[in-house]
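What follows is chain A paired twice: with chain B in the first complex and chain C in the second.
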Partner chain A sequence: MAGKSGRTISNTPDKSLKSRLLCWESMMILLFILVNVLCICISPTYNIRNVFREMPKYLIEMFLLFPMAYILVLGDIDISVGAIVCLSATMASIATNNGVPFLVAAVIAIVVGMLCGLVNGCILTMFTELPPMIVTLATQIIFFGIAEIALGSGGSISLTDTAGYKAISAKIGMVPVVFFVVIVFAVIFTVILSRTTFGRNVYAIGSNRVAAYYSGVPVQRIRLLIFTATGLMAGICALFLTSILYGANTTTGKGFEMDAIAMAVFGGISTSGGKGRLLGGIISGFTIVCLRIGLGQINMHPQLILIILGILLIAAVLVPNISMAFTKKKTA
Partner chain B sequence: MKDKKSILGKITASREASLMIVLIILCFVIQMRNSSFLTPSSIGEMLKNNAVIMVMTLGMLNVLLLGGIDISIASTLALSGMSVGMLIKRGIVTNTFLCFMIAILIGAVCGAIVGLTISKGRVLPIIATMGFMYIFRGAAYMVSSDEWAGADALGSFKDFALNSVLGINNIIWIVIVCYAIFFIVMKWTKVGRMVYAVGSNREATMISGIRADRVEFFVYLIMGILSGLAGAMAVTVYASAQPNMMYAKEMDVIAACVIGGVSTTGGRGSVGGALIGALIIAIIAKALPLVGIDAIAQNTVKGLIILVVIVLNVVTQRTMDKNVLKGREM
Partner chain C sequence: MSEYILELQGITKIFPGVKALDNVHFQLKRGEVHALMGENGAGKSTFIKVITGVHKPEFGKMFLEGKEVKFKTPKDAQESGIAAVYQHPTSYPHLSVAENIFKGHEPMKGPMIDWKKMNRDADALLQQLNADFKSVAEMGTLSVAQQQMVEIAKALSTNARIIILDEPTASLTKRESEELYKIVDKLKESGVSVIFISHRFEDMYRLASRVTVFRDSQYIGTYNVDEITNNDLIKAMVGREIKDLYPKPEVEIGPELLRVEGLSRTGYFKDISFNVRAGEIVGFTGLVGAGRTEVMESICGITKADAGKVFLEGKELKAKSPQDASKNGIILLPEDRQKQGLIMDWSLGRNVTLPVIGKYAKYGFNNEEAEREVSKELLESVDTKAVSIFDKVNTLSGGNQQKVVVAKALAQDIKVVIMDEPTKGVDVGAKAEIYQIMGELAKQGYAVIMVSSEMPEILGMSDRIIVMCNGKMTGELLCHEASQEGILELAMEKHNGGNNS
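On to the complex of A and B.
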């Protein structure tokens, strides 16, 4: 790519076979295969049928991964998504139990999620000085709190009419519907982030917000849009979660934000903004889903699984950092 | 213009003073609604129940001053508290002082690991501590081996929180000592000023010869030590040790700091502010049922108050900046 000044701007990635094989995404694919081999070795019941059967409850967190990747690329963070999932799952369940038809309940779940995202986005774009970590921390407490009030003293609700929900937790052959929905969203979000002007703007904001602003990128409008979209996706996640749990309680969605961030970071998306690709995040998402299914099948203590995920998360960032430090020392 | 500054102006210029006024108004309103609020025993009880949050707020103050964040503290607390609980339950250690030392040691090890990962491994604090949040919480479950230590298993250890010296509960003494130490260290010692310096401008302090990564390591180490201490305190105050204890309470600690005017981007905040922030959190939790708000709505109100405080913060900062500019034009 030669600029007008005659200089060659080398920000287009090197497309040689070697660099393609050594990129983070290829490593992720290798890891994905390794994890699957490992699971097959340790668990006799780990086969494709069982994986698809147990997949939905882990797979729904991928809905949060897609918008979270955008938010991380922007250099922001949103830790309220788990609470949004809880609130919209609660609202949808309450609506269904009051005799509202499934489609309306689905719309309620999505709209509630979107409104929550809009609140986050409005506060963050109106008061740009505020750190997103703290704002979404506060809204997280509020959203969980509203759900708590709505659920009442019992703290949980179970669906009385599960007809509509059964439809979206159904299977086509042996593949659950949610798998196809995730794939569709994965394609949409990946294409928008990597192939459109909007996606490039997101990267521009993440790399240098001020510079992006002065070159005419509508920074705050894009942030508002992405935070609202995050809420919307959380609503969709809530809908599928309700179809698995047949209800909601005060702990629904707790820790989802951490899982989504972990998937993204593990997939090579930097939390400091402007770096990483959604493809890596998606592969790492599937890797974590498979690992969880495999470890769950051998009845590993759920907390031990979390320890392994925690170590993987830190290692994913630590290892490249250390290797970079070593190569720097060599060249110096 | 400066000497003409009124008392009101001076008060609004200092964050701690304006927070103090908020605190006093809050106390006054609650006292009006319910006269059982401001009695010595009620205040003592409130401080005792919030001692854990108050101690950890000091560590979080340091972490936030550096522009970092630590969300693994509740897990560190659970690990140290659970270890102490199991040691007592199995009858291996029964000495109260020794238990506290072990808890602090466990906290220090956790803090050192976090600190090394962040300062030497250059992992972002939010990511590193998120990972350790899982790891330490999981370790707490492993230590507990799915058991928990109840009041009857804790023996003489739980009496520590019931006894008092000079009319003040032991737990409150710990809080007072911690705050006194940190007040002096942060204000008048080299180490304390280094934390402020690194938080305000990391590059500049590195050029002027301060080892920023060492300060960073030290801050997370302190955070770990305080969380470990808080773990032992939580076990004696609540007379039980469970692996899921104080789950998600790191948010309360961060909220206390933010309400107390500690900037999350680093460099701004004080021990006094953190104390007032922690007290406001404690009073809100204590007062909401007293003024007739359902316990179930407490979290929502708490979240709203945090949101309002941080937004007000920005608005006052903006008007202050505007006024400064006005002064220059003249």
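On to the complex of A and C.
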């Protein structure tokens, strides 16, 4: 059936340098450079060797950023990931102290995380009208609760055999192993979200869940998969965390979910769903890691660092609104 | 006193880059019902906003009762007795009807709201409009038609002399429209002047004595309704002649594609059986709430039927999700384009290929180049008015959005197309194009089901017409034996004496 008017519609994408330079990710790279320049200026000990040395304890939160980005793009939220990290770390530590080999303990950490994610996913996909914020708040309390019971009266556990854990907290040259693992996951998660059919469907669900469903996107199956994958990543995060802390306690993982959400939002991923790219989230994650290391080196109070991050976050969510107000003024 | 209660001369409204209104005239007689017509984007809405003080025109004068007025804010217009009722009522769903009516001008007893008086006055206004609900009802529980009634009552409560109705019948059923006509008649009798915007010609013939047409931001003319023919009016609105609004092609009817047997869903519909053959257009009509959309949703696997079977080309089909249905070639073009049909802030191209990205992908990786080719081709084939496939859908008019929905359906391997209210909120020029596409689909041997409340298009396009009422099929008519009255009778069968909503 040919168009009667013969009108043609262009299908050449805008690949101009201007549109590429003005995108959020370019801004984030600029900010990353600025933060590093700032850190070098304020801290005499801020150099590559030290940054890599201090990096692991901040870097492990990136494991949560990757799936959290998917969840935010879906238009959902998961605030139970910190609690899943705590429960996984606890279970892995208990297993190790009972003489289980490291590899089995590692599998336990990952499976526990995955099961927790599966619980979240099952509740949310079976009862689709429930708000994910409340459901994961509830499971957060439950997972922390189970961890506390398992930890017993002392509220903490220390590894008696750290052999296997030392292997994953080792360094290759001056670069910690966890850095390579994060990079590998970063590439996998970014490519899936931006280049695959699965990724496109995730954006469709986040942009308009009903229209996506009517278009034949398996909405609930995708949500279930992503919530489960989030748990799995929390399990991996717990494993690396245990390798740094040599144990677990009741505050392990507390606040991790908020850090992951902050990194994502800072990277341009909207909490209302359907918007943003993981690349931005990853650059912002590294920016925050560097900022924390730099400010930590000049002995800035940790709470003050949090305040600075909070202000930056508010600025980040305001920028789109401000720029929208400007463009509106021009065109309206 | 001047003959005209409201007169506008040479109104020009400029938005940066666009002239939204260009030297427009308008005269409203006292106690007159005046229709304002034109395609989407002709400037009707901007014009209404000038009258209600939302926009200030750059040039032009406005006279109320012969005296020049300049409204600075919508409040000025309200105080001068001008009230507007919009298509989608802007109400407070959790407040009562009375509270909604008197929002902003509640009757007071000292510092407190005089609830008794408020409810009494509200009931009086509602009675005047023959409303079948009470002032204490919660707004959110009312139907769109009832909410509109509340809006009209609200306008009356401010002693409005001029009431503007913006597409009041767009989301109403035939019967609800009749109720609205009666209300407008009443308003007219009580000396209120009414301006109404509508895409429906029947509204205009039934209500208005004069009609003013806008096109491309310009004033085209004002005509007496009983002196202008349908074709002349369309020509004035579209700027070209539309010879046949319903271009139904001669199509050889092929074998049966879809058969539904005894489909039932408790509380929604019961014992629905029909078939559709290749090349056939079957119209589904009835009042809103008759269960037409629900039947289609069950066929497409969106909701589960309790009983009954669906056969596609003779084989039983058990669709559990829209995905199942579309895989088998049954495509639903949903009623609500903006919520169900399209992702509004996505580009045209992305929307078109959403259901079929997997088809072009290699090892799960999207083939964006192929997607761009396909979407360009399909969007051109339905003659979408757009510059680029990267345009956002929400920048298009309703008619063009509907074309994107059609292009999206065409991207899939279709056998049966179900179009639910395909011309809702679409102007007359685009309507003709959508009917044209519908005819082409039939010609290509697809089975087409059209669900519609608009009688003219049902009569104009269908080969067979199925009428539903209260969840049951009340009749099946062949195109040539159907008449508007006959259909209406079937649609309201056993309905008389029931509730009057």
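We take it that the second predicted complex is superposed on the first by the 318 of 332 C-alpha atoms of A that agree within 3 Å, B and C clash if a C-alpha of one lies under 4 Å from a C-alpha of the other, contacts with A are read in each partner's own complex, and residues count from 1 in each chain.
Throughout what follows, a contact is a pair of C-beta atoms (placed from the backbone, for glycine too) under 8 Å apart; a residue touches a chain by one contact, two chains touch by 3 or more.
Every value quoted in this text rests on a predicted model; they were computed, and no experiment measured them.
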Which superposed partner A:134 touches (first chain B, second chain C, both, neither): first
Touching partner for A:309 - first (chain B), second (chain C), both, neither: first
Partner chain in contact with A:158 - chain B first, chain C second, else both or neither: neither
Touching partner for A:214 - first (chain B), second (chain C), both, neither: second
First (chain B), second (chain C), both or neither touched by A:274: second
Contacts of A:195 with chain B and chain C, given as first, second, both or neither: second
Contacts of A:301 with chain B and chain C, given as first, second, both or neither: first
Chain A residues touched by each partner, larger count belonging to chain B or chain C: B
Residue ranges of chain A touching chain B (in the complex, touch as defined): 77, 123, 127, 129-131, 133-135, 137-142, 144-146, 148-149, 152-153, 254, 258, 261-262, 265, 271-272, 301, 303-304, 306-307, 309-311, 313-314, 317-318, 321-322, 325
Interface residues, chain B side, partner chain A - complex: 69, 117, 121-124, 126-128, 130-135, 137-139, 141-142, 243, 248, 251, 254-255, 258, 264-265, 294, 296-304, 306-307, 310-311, 314-315, 317
Chain A contact footprint on chain C (complex, rising order): 15-17, 302, 321-323, 325-327, 332, 334, 339-346, 348-350, 354-355, 357-358, 361, 364-366, 372-373, 375-376, 379-390, 408, 437, 440, 444
Chain A residues within the chain C interface of the complex: 1-5, 7-14, 195-198, 200-201, 204, 207-208, 210-218, 274, 330-332
